[in-house]
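Quick one: the structure is below, and I'll ask about it shortly.
The letters A, B, C and D name the chains in turn, as written, and every chain counts its residues from 1.
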C-alpha cells in the first residue's frame, strides 16, 4: 500500500462489455473498488490475473467490493478487437463489467493505461471508498496478500458509515 | 466468522518444538493469533494447510500476527511420535512454534483437540487481540478468504492501540 | 488406441503459420505425427492442450516425432481470425507449424474438423509412420498416457527401418 | 536410458509391506519393473514421486508393469520406523508393495541404496523383462518422459513373447 495518497483518475472508456451503464470512479464513490487491467492474449493475465479476479468477484459480495476489468491493449491491436474480447469474456466465463480502454490518437498506449502510468499487464488497482488509489500492483500478487488488502478497504468502508 | 464470541480456551501442551518458552493464549493477549491444528501424516494437512501456514508466517510480520502449530494426533499414535514430528518440521522447513497436544489419559482425542471440539485435521483457529475465538475452520479455506480474515484481526488489533 | 486402423485423411489447410512449406500427411509418410486441434479461445485448449503440446514438441526430437497444430474454429469465427491467432502463437511462444483449417462454404465446422469427425476441441490425433490414424482423443489425456502412446509410434517407426 | 547395460542387482529387504510374499528381481524375470526409492519425510518424494508412482500403478495393467516401492532411509532413522511408514502408506493410499531397505550394520546408507549407488531420494529405477537396469533417475522426471520410457520396456516385453 502506498503512503502518499492521490485520488484515482477517471477511467477513459471506449465501450463497456458485460454492462449497459456508464461506470465511473466518481459514480462508485463510497465503494471499495478493484480494477484489473489485462490483455486477452497476455499469458500472465490469462493464467494468473483472470482466475484470481474471478475468485475475488465470486467471494466478496457486491455491496462490499466492486470488481471491474479494463482491457488495455498496447500490442497486437489487430488481434484483440472487440469481437475477440467479447468471445474471450464468454469463453472464460467472466461476469464482471469490462471496459475497453480508449485508444490513443497518437501513441501505442491506450488512455487509461497512460493516465495511471501502468507499466504493462497484468495490473491491479485498488481504490478506497473515498476514491483514493490505495494500491497499484504490476505483475502477480498472491491471493493471501490480495485478500488482506481487499479486507482492509472493505473494513474502512464499513467503519465510515 | 462466528457471531457469538467466546474466549479461546487455553492450549494443553505436552511439549513445544521450535520454541523454548511456554506459549499460552493468556501470554499472547494483545496479539492476533492463527493456530493450525494438523497431523504430520494427514494428506490434506501436508498438501494444503502446511504450505498455507508457511506462506502466512512468511507474509505477516510477527508484530501483526502470531502463527502457532499444534500437532493433534488422534489416529496412528505410534506413527507420529516426537522424533517423527521433529524430523517432519525439519524436512518441511517449518519455523513457527509447534505444540504437541497433550494425549488424553482415557480417550483417543488429545486434550486441546477435545477442548476446542475439533472435528479433525486440518483445522484453523483464529483468535483476536482480546482473546476471543473468531473463526474455527475444519478443512481447507482459500488463501483469499484467509488473507481477508487475518487482515480483519490485524486491523482491529492496530485500531485498539 | 483403436484396433480397426484406417488411413489418416489429408489435412485441408487455408494457410500455414510458423511454416512456409505446405505440409501434408502424404509428405510426412515415414514419420510419427501428433496433430493437436484447438481453438485459441477454448479454455481447455489454453490450459491443458497447448502446454502439453509444447512439452511434447520440446521433449521429442523432430526426427522421432512431428508436432502440428490445426486451428479448427467452429464458434466465434469473428473472434479468432488470422491476426488474433498469429498474436496468440507469438504470446504463447508456440513454435511448431499451425494450420488454419479451411472454413466450410456451407456449414459451421471447418473442413478438416468435419473430415476427421472431431467432436470439438481440444482433440489429439496420432498418426503412425505408415499413415494410419492410431488414436483420436477428444478432451484431455494425461502426460503419462500420451508419453506412452507417442513412444509406441516412435518405436514402431524405428523398428520399421 | 543408459547404453551399457548391466543386470539389476537383487533387492536387500528387511520386510515387505502391502505384500506377504518375498519379491525378488529374479522372481520378476519376464516382467517390466519400476522401482521407486523414497523416504516418507522427503518433500520431493511426497510431492512428486509418490503421486507419480500412484498414477503409473493405476494406469498400467499389472501384466504390463510391476510397480514396487523401496523405503531407503538414510537420515532421521528414528523418525521413519515401520509403524510410521505403515501409517504413511495407509494415509497416502499406496497400494503397491513397499520394501523396507535393509539397514547397514556399519554405515548410514541402507544396503539396496548402497548396492545401486543411489545418490538420494527420490530415485526411479527401470528394469526390463530380461533383468537389465535400463534407467536410473535421481530427482524428478516428467510424466511425459516416464510414460515414454515405461512404454518402451512394455513393448520390448510384449515383442519378446
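Methods note: a residue touches a chain if its C-beta (ideal position, glycine included) is under 8 Å from a C-beta of that chain, and two chains touch if they have at least 3 such contacts.
Keep in mind it's a predicted model, so treat the numbers as computed, not measured.
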- request: Trace the shortest sequence of touching chains from chain A to chain D and report its length in steps.
  value: 2
Query: Measuring between mean CA coordinates, which chain is farthest from chain B?
result: C
- prompt: How many angstrom lie between the CA centroids of chain A and chain B, rounded to a whole number?
  reply: 35
- request: Let me have the rounded angstrom distance from the C-alpha centre of chain B over to the C-alpha centre of chain C, please.
  value: 50
- request: Among the residues of chain A, pick out those that touch two or more other chains and give their numbers.
  value: none
Statement: Per the touch rule above, chain C residues touching chain D in the complex are 52, 55-56, 59-60, 142-152, 154-155
Interface residues, chain C side, partner chain A - complex: 41-43, 46, 75-76, 78-80, 83-84, 86-88, 90-92
